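I'd like to ask some things about the structure below.
Each chain carries a letter (A, B and C) given by its place in the written order, and its residues are counted from 1.
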Amino acid sequence: MDEMHRFLDHGFIWFSWLAALLTLGALGLFLGFLGVNGLAALNLGLFFGEASPWQVIMGGQPAGEGIWPACVGTVYLVVLSSLLALPLGIGSGVYLAQYASPAPKRLFGFAVDLLAGIPSILMGLFGFALILFLRKTLFPQANTCLLLSAVCLALLVLPYLILTTQSSLEGLPAPIKVAGLSLGFTPWQNLVHILLPAASRGILSGIILAVGRAAEDTAVILLTGVVANAGTPQSLTDKYAALPFHIFYLAAEHRTTGELAQAYGAALILLLLTGTLYAIAYWLHATLVNKWEQKNIMLRR
Amino acid sequence: MGTKEHNAAALAALIEHLSVSFGPRQVLKDLDLTLEKGRLYVLIGRSGAGKTTFLRCFNRLNECFPGCHTQGSLRLNLGNQWVDIYRNDLPVTELRRRVGMVFQTPNTLPASVEKNITLPLKLVLGLGKKEIPEKVEWALRQTHLWEEVRDRLHLPAGILSGGQQQRLCLARVLALDPTLLLLDEPTASLDFRSSQKIEELLLNLKERYTILAVSHSLSQARRLGDKVLVFNEGRRVGTFERSELQQGERFQGLLEEIF
Amino acid sequence: MMKTGPFLSREKISSRQLRRASRQEALIRGLLFGATLISGLAVGAILGFLAYFSLPLVFQGQAGQILDWRWRPFQGDFGILPMIVGSLLLAFSALLLAYPLGVGLCGFVFSQRQKPWGRLVLLAVRLMTGVPTVVYGFVSVFLLVPLIRTWFAQGTGFSWLAATLTLSLLILPTIVLLTWAQLEHTAIELRLAAAALGFTPSQELLWILLPQASRGLLAAVILGFGRAVGDTLVALMLAGNAPQIPDSPLDALRTLTSHIALVLATDSTSLAYQSVFASGLILFGLAAAVNLALRWLKSPAW
């Protein structure tokens, strides 16, 4: 038996090293490949094609083959979906953490969990179905567009916001939660002046995660209005271009090596964008933990 | 009720059949008690005997914890007006203003020393900018903190020592002009010198406020208490006047039984 | 010295102010409840629309047509069973690859957690969560697929295998981070006891910590499965999208998710549309099942 245990031990050690090396190797290969090809494509032409950058940004001149419209489209998407999702998400999170009694809390908690588990393609399908429905009833002109995508993306990121807000508030140490109340603060005063500032890091990291998710999503926008060739969107009911879809499209339909190079560049840009956002969110979360641990250590003195 | 009514003005609180449970666990069982104004009551007992829960009945803070169920009546004499606090005679925020609580570990707000006092003054009392600074100085003088922190008012409260933080919490509570003070083991997290300072403070304050303090230390109870209430398993099992504490065999006997 | 402070604060707050404050509280509470209500209704709305558009299938008795093995829309065959099989096959195979790898990674990070490279690997895994799905798919198309094509000298390279390899990379962080969170929080007493008994770190991990965290490990499996089955891009870009049941890992397959994307991208007949909504319903059901499984795991009954 001893032999067997020792064998398993050594086997496991070897296996864990193997796992780490395999993973790091695969990751390195991926990122290296992307980095090499992507960096080669990084130049102003990537964004603006043949046109001059200033003209494109200010004068509305089309950016030709550049990915600038896709970048703008992604930014618009993120901003719009955040405008929709932030008040709803943080408001719901606050309600569930502070005001809800046990029964509604369980019910809504279940709904939010369910929402969190829905695959993104179904959010896109929902948007598509919404348009079909509207066409049959109120708006025969209805079509997939920027606004629809923003709404569906907002639904996609809503659970992240709700769950991080709720857990940040509920995770506050009991003395903090009670201090304001014991002084005679109303629940709202307590929330605004004490709880939310204390939970702000956690909530902020949730917001950043939501923003990152909205920027990288492809499945939702696929079904709700993104197109490969579009200028910068002029109104909410326009079709638009976005980075993730642009990458997807070029991967499948590129005709020249130039277009392929553009795809690499776009992929690198998108990776840098979401990578940075997630890194910030993680750092926020990590420093949050340290702050509370330190405070508890001090109090235990 | 005749004599009781006659002396009602001298009473601070009337408690009848008070029971508190959290979920299936009953923490306080059918308590009856009368508290007199301007006295310092010390509550002692083993941990888990219900002392903190009892304290939290006075400002209804138990309700912040899940599953709380309170029965019975607790009437407080606030400004010569009797209020049954569990029958919503008074909004709970106003109650908590008038019944000030200091916790075991100082829970200063994560803000400047000054803001710890100005924020409650602004939000709970609705004082304006002109009235606040005077009140802040007054409160800090009450706890002998003014000289120590007057040039550090804008610094975070966390830089103060444990004893100073606890005095800040006390000042914060006094600034709100309470009638009753609840102190939950106020010197438990402090060193000897700081504890001494706080005890001196309490002996001064008791002339103006009715004070209920939980203590983990029998010697502290002896030093501070006009009356000592002994708790065991959710009931009050003994009441001792100051005089009885010194030699009382009854006291010793009860303690041996409990501890 | 006066009995109380120098201000008569007792009467400062008029009853009107108190009433206004409580009205404000009620308003705020109502607003927040409204926000929560909308969030809660969102799920209902999604389910509702999916069901609504799938209804004609049931009413016109064509449900049987959907539950068929052949998808050849131009010939009137709208069976989505191959796609259901495709989704499950891909998800299970990705999990089969990612789970042991994930546990091994956890073992590595745990045993090397004092060393810089242990922490580095953990950081790398955390950063992996920041890589967009479309980028995983994109790089795989130009790196992995040609590799498979030349290595096996068979097919186009767009296959079950390609999708599995990429998908496991995608769900690996989920598994590792969830399991790691479990390990981190295991009671320090248990670890001290193990050390006192003379266990090496890997023994401690294998025989004490992992069994203790079994609930978390199962949750990682379930969550990983949920992510794998719900993913669209990897399957769409890498699996070949042939509506068939693959005979070998080098064959192409199609999942429910990519099916939805493909059908809606092309103009199709209404029955095709309805098959898409039926696919959506099935996916919703799978997601709900994953959710319920996780809840059941968390319940004290376990």
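We adopt the following convention: a contact is a pair of C-beta atoms (placed from the backbone, for glycine too) under 8 Å apart; a residue touches a chain by one contact, two chains touch by 3 or more.
These figures come from a predicted structure and were not determined experimentally.
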Partner chains shared by chain B and chain C (touch criterion as defined above): A
Farthest chain relative to chain C (centres taken as mean CA coordinates): B
For chain B paired with chain C, centre-to-centre distance based on mean C-alpha positions, whole Å: 51
Inter-centroid spacing, chain C versus chain A (mean Cα positions, whole Å): 14
Rounded Å distance, chain A centre to chain B centre (Cα mean): 48
Numbers and ranges of chain A residues touching at least 2 other chains: 186
Interface hub residues of chain B, defined as touching at least two other chains: 93-94, 176
Junction residues of chain C - those touching two or more other chains: 21-22
Touching residues (chain side chain C, partner chain A) in the complex: 21-22, 24-25, 28-29, 31-33, 35-36, 38-40, 42-46, 49-50, 52-53, 100-109, 111, 121, 124-139, 141-143, 169, 172, 200, 202-203, 205-206, 226, 229-233, 236-237, 257, 260-261, 264-265, 276-277, 280, 283-284, 287-288, 290-291, 295
Of all residues in chain A, those that touch chain C in their complex: 5, 8-9, 12-13, 15-20, 22-24, 26-27, 29-30, 33-34, 87-89, 91-92, 94-96, 99-100, 104, 107-108, 110-115, 117-126, 128-130, 132-133, 155, 158, 162, 186-188, 212, 215-216, 218-219, 222-223, 244, 247-248, 251-252, 263, 267, 270-271, 274-279, 282
Residue ranges of chain B touching chain A (in the complex, touch as defined): 59, 61, 64, 66, 93-97, 100-101, 103, 105, 107, 109-110, 119-120, 123-124, 158, 162, 172-173, 176, 189
Parts of chain A lying in touch with chain B, wherever the complex brings them together: 102, 175-186, 189, 193-194, 197-198, 298-299, 301
